[in-house]
Amino acid sequence: MTLAYYPGCSMHGTSREYEESLLAVAAALDVGLTEIDDWSCCGASSAHVADHLLGVALPARNLALAEAQGADRVLAPCAACYNRLSGAVHAVAEEPGMAARVPEVLERPFANTVRVLSIVELLQGLAPVIEERVAARLEPNPLEHLNVAAYWGCLLVRPAEITGFDDAERPTGMDDVISACAANPVRWNMAVECCGGAFSVSRTSSVLRLSRAIIDDARRCGADAILAACPLCHANLDFRQGAMSLRGEPPMPVLYITQLVGLALGLPMSSLGFERHFVDTQPLFAHLAREADKAAAAAAERAAAKAAKAAAKAGAS
Amino acid sequence: MSRIGVFICHCGENIARTVDCGAVADALRDHPGVTVATDYKYMCSDPGQQLIKKAIEDNALTGVVVCACSPHMHEKTFRRAAAQAGLNPFVVEMANIREHCSWIHDDREQATAKAIDTARTIVEKVKHNRPLQTIRIPVTRRALVIGGGIAGIQAALDIADGGHEVVLVEKDPSIGGHMSQLSETFPTLDCSQCILTPRMVEAYQHPRIKLYTWSEVEKVDGYIGNFSVTIRKKARSVDEDLCNGCGDCQAACPSRRIASEFDAGLSRRTAIYTPFPQAVPNIPVLDREHCTLFKGRRKGLAKDACGTCKETCLKGAIDYDGEDTFVTEEVGAIVVATGFQLYDIGREQPEGLKGYGEYGYGDVPDVIDGLQFERLASASGPAGGKMRRPSDGAEPKTVVFVKCVGSRDPEKGMSYCSKICCMYTAKHTMLYKHKVPDGRAVVFYMDIRAAGKGYDEFSRRAIEEDGAEYIRGRVSRIFRDGDKVKVWGYDTLSNRQVVVDADMVVLATAVRPQPGIAELAQKLSVSYDQDGFLNEAHPKLRPVETNTAGIYLAGACQAPRDIPESVAMAGATAAKVLGLFSADELERDPSVALVNERTCSGCFNCERVCPYGAIERRDVCDMEGHVCGHVAYVNPGVCQGCGTCVAVCPSKSVELAGFTDDQVYAEINALAGW
Amino acid sequence: MNVALIGDAGGGRRSVRSTDGATTEGNVPRVEEGATTLIDHRPAMPEPLAAYVRRTANINVARCYQCGKCSAGCPMGPEMALPPHDIMRLTLADDRARLFAGDSLWLCLTCETCSARCPKDVDPARVIDALRELAAAEGAGHAPRNVRAFHEAFLEQIRATGRLSEVGLILQYKLRSGALLQDVAVAPAMLRRGKLPLRPQHIAGAGEVKHIMAVCERERAHSAGAAPTAGASARRDER
Amino acid sequence: MSEAAITDRDRAIFEPRITAFVCNWCTYTGADLAGTSRLPMASNVRIIRLPCTGRIDHLFVVKAFERGADGVIVSGCHPADCHYTAGNYHARRRFGVFRELLSFLGVDPRRLTFSWVSASEGAKWADVVNETVARVRELGPFDTYHRLADASAADGDPFAALEAAAPGAAPQAAGNDAALEATVGRSAR
């Protein structure tokens, strides 16, 4: 499978590890990604505020490019970009005049034929493959002891007529991926609540309030880590976490969905970019290792006991 | 040769002012086939009618045309008059020269000319009128009532007390319906079962009521006065005659973990069960879906996996091999009282409804709906009437009630108002506060709709006396938060977000028609709206009748209804039925369609377009009496006389009495050269 | 009176023909190439907000029955003087003064929670977007300096390079907002983690993007944030 | 005289004759209401009452034209308001098709008005009447069939007569076949 790939601006900046892990995972799963040549910013959090037409035109340019470069599907791993791109697809398809107006503005032909894929759709589709690979791995999978809270945020599920690949209130796609990785999806409450998104810089106080609530709920529901599929959310939950007064609570690691899959597939840690996180992920992995060892020991004990019993039986007879 | 009398009315000045009635009379007098033509000041007055009668007798008239007001005004009057003079009323027609002429034109010349034309057309029509006889249909004076809730019981009792037999069909093991589940009722807070149970027993013991429980209507044939109804008696596995309702079988039944329908899933029941102690009849039903024995049989086990109930039953009333049986009942009228269900807003939505993921119903055990609360509050309920929440049986100290869940919500639910929720929520807060005086009852509402006798006072009492906290605003999210249930709401009156840490949440979910209502409606050929509620014949003037003559509606199958309304409707249907049964024959207007079987080609276009299903297929036999084809036959009892079948008949084999092609063409031709 | 203003490329004075046939003279901003295709819908009298929203976003605000479900779930609700349902109400009441006075409009995150749960499909998020466009176009909006600064900086970045350089964004933002010291501590940390590529990426299409933004801007400026194309969603046919 | 050739003078003296087929429950009652409300209207319309528009056969309309009506009104209950629940739907469907047929028959479809008038719409009935009368007055008298009859009586060429009179007349065709073709061709358009 080969997809056109729209990185979006933050993939080359604040969320490098997202792209690194994505490329690693894609390679491992034989998904070809061809970066759209000369792609430009989708206008994410600002364009639509200023001007609806601009909010459609900026992402549309990239769709037009993809079209011209012969793509039928484009992967937008950044949730904001995904939302903007498929928003443009929807607007051009549904809104009177748009189909005609947009090519005029772009001064490019645009037939609106490209389908926009979110990272969750992609990985959910690949879940069976992932599951297979994970099962095939010999060494005990430490992820079996990992409880993950799948955090969707806004942009992957709303508005439903634009996203709509999953239930808007209780989406399940990410949980499928988590299970495929042999980790345990946590049932919690903040999966589709907003983290403060675009106010990260301009109104940090709000972001701290909102993201804090998300992290607290994840912890209360027994999550070891939060799973994100959006650079913006990740920044707010990971990078801003330091600024939250967590009352001595241990910090909550925030993983990209691709990083989790990478771990499950046993890809080299170095290729997944955990070192770029602000919340240190080492304690988590240490914890998982310990759990794995414990489990292994217990298993060994059971085996031994069994053997002993068998032996005794043999002796008796 | 027809001898027609034409009578022109001045209607005082109303017609004469603009129409020269004399001129009309003169013009018509010379018209072929007209024997007498005369004008008079008030034709509808007694002397006027006398004048017509006399003319009929003196001139042996074969037809009468009264040029006056609209037929909707006085057609009956003049037809009656003619009948008194021994003339068949259906050869009397009216030419409307008032509403359609004198009142809308001021040019005397034109108006008069038009009046003459109009009179002539009607005269030409009347030449082709045939004497008709009023249709008389025999009436089977027995009624069928579908649904054994309070509406059905009331209707059955009223009809039976009126002296006629009633067949009462209930799909559940017992009659009583939703009312039997309720704790107390608004606005009086009297115990629901205390007022219902006697009625149930009365219906059961009534000599003229034949009760079929655990039964459903399979098929309905016939028409008003002459319905033939097939009833499916679902296999009960318990012999109703032998069983004495001792309950040993239930006590013995090993599979005891089945969610109780009666307790809305809050308690467990056995596989063989009577839904509740006061059930009528007090005869258990074996739920074959959950019964170990039948599970085994479905799996194809060689020997039965269980049989405890049969072993315990001293009367030997248990029968594992009984199948569904069918009985046919002949009735003259049908009352539909199938009632309602609550909108199950869980995540799984069969009919393409969206449900409410944000409210956690189905996932959070302490988020329940109105009927579940009724069971919690009921003395006969799973907690014996003590306030205990489902999850851990603790007494909830803060209960949140959310109104309009699924109602007034075109996006995710129903666009209509479910009507009863405002009142029962007020009732719930009272019941709760009476049981837990130190508890908080918080209500999120959009409007308080308490129109009804003593209703507003009641809901105000909940707030003013019992201290229910009403907050105006919808709820955005409900989710589990430790052992609490978090409720995110908004108070639009004090403009602040309100977050409540509740112990229990009660959702006032929308009232919907019973599942399977559409199938039933099709069997009855009764129409229903986009929400599935059955349609009344006229929203104001015929609220309990349907477009199918002889079928009536009572209670919540027609729209969300509370108990008083349901009972009132039931009474109304009973009145209609008793009216229909007041004579053993039913008189109908004879202007119905009639098929000429000689020319009918059997294409059955008529059958396709007939809105009343009045067209039947009749066999045509050859000399040897073998069926060699089919022709259409119009059932005069069902036909309402719209004439659609006439217009679509390719071989012109259907005629509509009173509006035959001959008559209409005669009218058209009469207009030639005016 | 809904006035249609047919522009010639020259701009300056031109005749304004109203739908009721009356003709007046009016001064309108100079328009550059391509403007002849534009038709100005700016009313002579300020158009009622509800009508504006209906025209540009095809949303009938009168559908709102003030249930407050939007405000109940709004993440920014606690910080807004006017939570979503009030914004719907004031739009219907055409109360520009109160609507544009505070910063509530600008506190909307467009997280769409309100729209997703609105029982009447009024789509508050979209209404707020439309109102922000209008406010910006009329210079009526009092966006808090920070928020405005962020959006401006963001668009500035795209205009400059066609892509968003986050470093550039932060610098731009600091200059505009004056929040010079905000987050200074984190920059080194960011750099250490290789999260701040200092050299902005330059793309061939930069000019093209700049042009797109110019066209849209002109269209908005020229039609009071009410370009006919602006967001009539066919899905939301009036029910 | 082809319709194109109607002079203003003709229109001045011409009083259209309109036959109206109406249903008993909505339009007839609506017309009654127009009367009780004393709404003045053109006196050119003669009403034929039927139980339901569903009862109205196309041939009634054709017959009316044949017998010298210059225009025809067919009016019944609004969709969904039919006293007989569905009759008017069947009527609507049938008359949709029938319009096509009309022009084939050499009748300008504008001579046929199909409308919904409810029992409460007296004023609307008055409008329907006045509008139809005005429209037909514009179109002039409908005498195609008469001349058709005359022509055939005079053993002339009926189709040519039809041709000459029919709306949007195609170039005068000689011979039956050509004319027939022209007629059929027009109906196909």
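To keep things simple, chains are lettered A, B, C and D as they appear, and every chain counts its residues starting from 1.
Keep in mind that, in the parts below, contacts are C-beta pairs under 8 Å (C-beta built on N, C-alpha and C of every residue); 3 or more make two chains touch, one makes a residue touch a chain.
These numbers were taken from a predicted model, which means no experiment stands behind them.
Peer 1: Counting C-beta pairs in contact, which comes out ahead: A-C or A-B?
Peer 2: Pair with the higher count of C-beta contacts: A-C.
Peer 1: Between chain B and chain C, tell me the centre distance in angstrom, where each centre is the average of that chain's C-alpha atoms.
Peer 2: 53
Peer 1: Taking each chain's centre as the mean of its CA atoms, how far is chain A from chain C in angstrom?
Peer 2: Going by mean C-alpha positions, chain A sits 29 Å from chain C.
Peer 1: Please report how many Å separate the Cα centroid of chain B from that of chain D, as a whole number.
Peer 2: 41
Peer 1: Residues touching two or more other chains, restricted to chain A: which are they?
Peer 2: 168-169
Peer 1: Give me the residue numbers in chain B that touch at least two other chains, ranges are fine.
Peer 2: Residues 358 of chain B touch two or more partner chains.
Peer 1: Would you give the residues of chain C that are in contact with at least 2 other chains, written as numbers and ranges?
Peer 2: 113
Peer 1: Could you run through all the chain pairs that touch each other?
Peer 2: Chain-chain contacts present: A-B, A-C, B-C, B-D.
Peer 1: If we count contacts the way the header does, which residues on chain B are in touch with chain C in the complex?
Peer 2: Answer in residue numbers: 358, 404, 408-413, 446, 472-477, 488-492, 495, 497-498.
Peer 1: In their complex, what parts of chain C are in touch with chain A?
Peer 2: Touching chain A: residues 37, 56, 75-76, 79, 107, 109-113, 115-116, 123, 125, 129-130, 132-133, 136, 144, 146-147, 149-151, 154-155, 157-158, 162-167, 169-170, 173, 177, 182-183, 186, 189-190, 193-197, 201, 203-206, 208-209, 211-213, 215-217, 219-220, 225, 227-235 of chain C.
Peer 1: Under the stated contact criterion, what part of chain B meets chain D in this complex?
Peer 2: Counting only chain B, the residues touching chain D are 70-72, 96, 98-101, 103-107, 110-111, 113-114, 117-118, 121, 527, 547, 591, 609, 611-612, 640-644, 646-648, 656, 659, 661, 664-665, 667-669, 671-674.
Peer 1: Any idea which chain C residues touch chain B in the complex?
Peer 2: Residues 65-74, 77-78, 83, 85-86, 113, 117-121, 239.
Peer 1: Which part of chain D faces chain B closely enough to touch in the complex?
Peer 2: Those residues of chain D that touch chain B are 17, 19, 28-29, 31-36, 38-41, 43, 46-52, 54-57, 60, 63-64, 67-69, 83-87, 90-91, 94, 126.
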